[in-house]
Amino acid sequence: MKQNLIGALCAIVIMGGAFAQTPKKPVAKPAAQTAPAVEAKDAATIEFEKFRAEMEDSNPAELFEMKGEEQWKTKRGPKNVALAESCDLGLGIGKVQGAYVKMPRYFADADAVMDAERRIVWCMVEKQGFKFDDIAKKPFANANFTPDITNLVTYVASHSRNMKIAVPLKEPKVREAWEIGKEIAAYRAGPYDFSCNTCHGTDGKRIRMQNLPNLSTPAGAMKGVQGWPGYRMTGGVMLTHQWRMGDCFRQQRFPEPKYASDAVAYLLTYMIGNANGQVYKGPGIKR
Amino acid sequence: MADPMKIRATMKGDVAEIRILMAHPMETGQRKDAAGNAVPPHFIQTMTVEVGGKKVVEGHVGTSVSRNPVFGFKMKGAKVGDKVVVNWVDNKGDKRTDEAAIA
Amino acid sequence: MKNNILPAAMATLLLIALPAAAEGDYRAKAIAVIKKDFQPRGQASIDRLAEDGLQAVCNRTGNKPPEGVGKAMEADQLANVKYPADGKLMGDWKAGEKLAQSGRGFTWSDKPGLPVGGNCYNCHQISPKETSFGTIGPSLYQFLKLRGTQPDIQKYVYSKIYNAKAYNLCSDMPRFGHISALGEKQIKDLVALLLDPESPANK
Amino acid sequence: MNTTRRTVLKSATASGVLAGLIGTGALRPTQVLAAEWNKAAFEAKDTAGALKGMGAGAPSDSKDLILRVPDIAENGAVVPVDVVSNIPNTSSIWILVEKNPQPLSASFDFANGALPEVSARLKMGQTSLVKAIAKADGKFYTAQKEVKVTVGGCGG
């Protein structure tokens, strides 16, 4: 009897699940606030924006871009090969112009869907002979150290300035990565029951003063893409989109996603793919 | 060895705009590292901007200038092709010189 | 007790019995990728990736469980709320305000064992003096005036903070008491922040 | 934009050569060397001490000294500051952050056609007045504005 009841309940859940999957959440309006709070927010936002153009125009990210260019063109690694003469970012060996906005994409030589950072790491390992574990040990910048991969990603990203995002979602492997990424974004777990979508699945929400883009919409997804890799004012370090994904999981109270893994590549495919058609402005400056 | 600066110098009408990005940690001496140890002060103290062989700006800098400093200056009497040379020296005696041509 | 086991068992069965094709196998693939591609760091251990019964149900229903299941599981969550032995549900709103400000706790960069913040301002407006507040949750400013007349309001607020899922199974809000993030005293202080007439939230 | 990017001297070795030239005196070292860093002014713990170290006495307010700073800083680690002096014969500009542990942030001397204006980015530990001081014909002028430094992020 008890078994039957459970079975029946489960069936309901499954049906409910199948039903509940397709409809999108209604677009929520920002919660009504008391007047002073709204003014404070708007004044602050307007004030930040006044200085935005200036901050972006003289962005220390250019220092890293410059270093990345040198590293891209220099023969390096155990095999003493330059990435410029060996690495195919999807548009042909050594071609960087427009490559960043067309990733993630599927690379047959690696049989994997790769975002820009993952692809450059793959080239460093396969073409230049660096060890993946050495790169993955300290993949992100801190106060005293900027990894080469960060400079390289910044350089590559700078050559897609003012270009439209064009993730090849019609490619079946990329499409599958997008679908899996979408599910990863919705997956709730951990002590706080958070998923990516808890913060980034609805329009018009904030954490404290921080606006939270809705990554399921083109404009919202672009907000999650724009400015990465970015020079972070806090700490004054250059950080990549891979780092940003990890930091979301940190705040989600999850364990850490492995560097240059499928999980991060698929999530980036979902997010960047959702931003297709939007204009990428190049490496940015972040709060 | 300090990393190179990035210098952008462009003529806007009869005014040359010079924008300089410097790679430097600009440690105040008050920050603590992950292990809780104070990080010693390490910051640029002096800088000069020379255009066409003449010093146009001399700057002195303290610990409260941001990490990876950005400076913007303007001058009259320069022309396209003039050489801009920027120097800095920090409190540890590290130094760096880079140059660019006005575009 | 029977009530506790039922939803958990149901969720487990759900996980096992679910044919991949029934929901499209992207979710199954996503779970496989998550299991393969995460590593423990700091206090964030790998077991955090496993869904508990409630998370599993919310994950599989797009956070919209069928009403019967939702209500049954909410009741189960409510039944597990532990109330203070002294029967007092209101603490010190000043301590509550301080706690509400902190967003620390449980991340891999937080030191394990340090007190966990209430995270309240991350998502809610409370005191009008704090203009830096989030909007994921509703504004709680003037809570006493707007909600204070409800019967058993103290008990409701205490339970809601203890386990928000007792009232809305797939709520975005964490289960602060249920997971022992906040203790009895801390929850009492937060109740006071919302319900004490002297609290800035009610000024 | 891209052409100017390429005008930069990128290679470390080239600058090494340049440093070598300076070392041998081939590049007029007198013009490259800066005056000694003003320790007394930069290490002063308050504005009065910094002014004293600068030899600035009591500067007078001037509307011709334009200080442009945000009302609210997006991040206290990087606060953009622009100073423009319309006071004739301005030869130097100083920037101070009153509540920083060492208020004097930077000073600039202008010569040979440089306009008396500068943009820079400063660290601010807390909400504070930012002051600009200009020196013209031996006299000192000042302008000031408050910058609020806000809480941000996820409360963590």
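Worth a mention:
Every chain is named by a letter (A, B, C and D) in the order it is written, and numbering of its residues begins at 1.
The rule is short, and it goes like this: contacts are C-beta pairs under 8 Å (C-beta built on N, C-alpha and C of every residue); 3 or more make two chains touch, one makes a residue touch a chain.
Note that this is a predicted model, so its numbers are computed, not measured.
Between the chain pairs B-D and A-D, more C-beta pairs are in contact across B-D.
Using the mean of the Cα atoms as each chain's centre, the chain most removed from chain A is D. Averaged C-alpha coordinates put the centre of chain C at 49 Å from the centre of chain D. Work out the mean CA point of chain B and of chain D, and you get 11 Å between them.
Averaged C-alpha coordinates put the centre of chain B at 50 Å from the centre of chain C.
With centres defined as mean CA coordinates, chain D is found 36 Å away from chain A. Shared contact sites, meaning residues of chain D that touch two or more other chains, fall at 5, 8, 10-11, 77-78, 119, 150-152, 154-156.
Residues of chain C found to touch two or more other chains are 107, 121-122, 132. The set of chain B residues touching two or more other chains comprises 3-4, 6, 26, 66-67, 70, 72.
Here chain A touches chain B in the complex through residues 57-60, 62-63, 66-67, 143-144, 231, 233, 235-236, going by the rule given at the top.
Across the interface of their complex, chain B is touched by residues 3-5, 7-12, 15, 18-19, 22, 27-28, 31-35, 37-38, 42, 77-79, 82, 97, 100-102, 104-115, 117-124 of chain D. Contact residues on chain A toward chain C in their complex (touch as defined above): 6-7, 9-10, 12-18, 20-21, 23, 30-34, 36-37, 40-41, 176, 179-184, 186-195, 198-199, 204-210, 212, 249-251, 253-258, 261-264, 266.
Contact residues of chain D toward chain A in the complex are 5, 8, 10-11, 70-72, 74-75, 77-78, 80, 119, 150-156. Chain B meets chain D in the complex at residues 1, 3-4, 6-10, 15, 26, 28, 30, 45-51, 53-67, 69-78, 85, 87, 89, 91, 95-101, 103.
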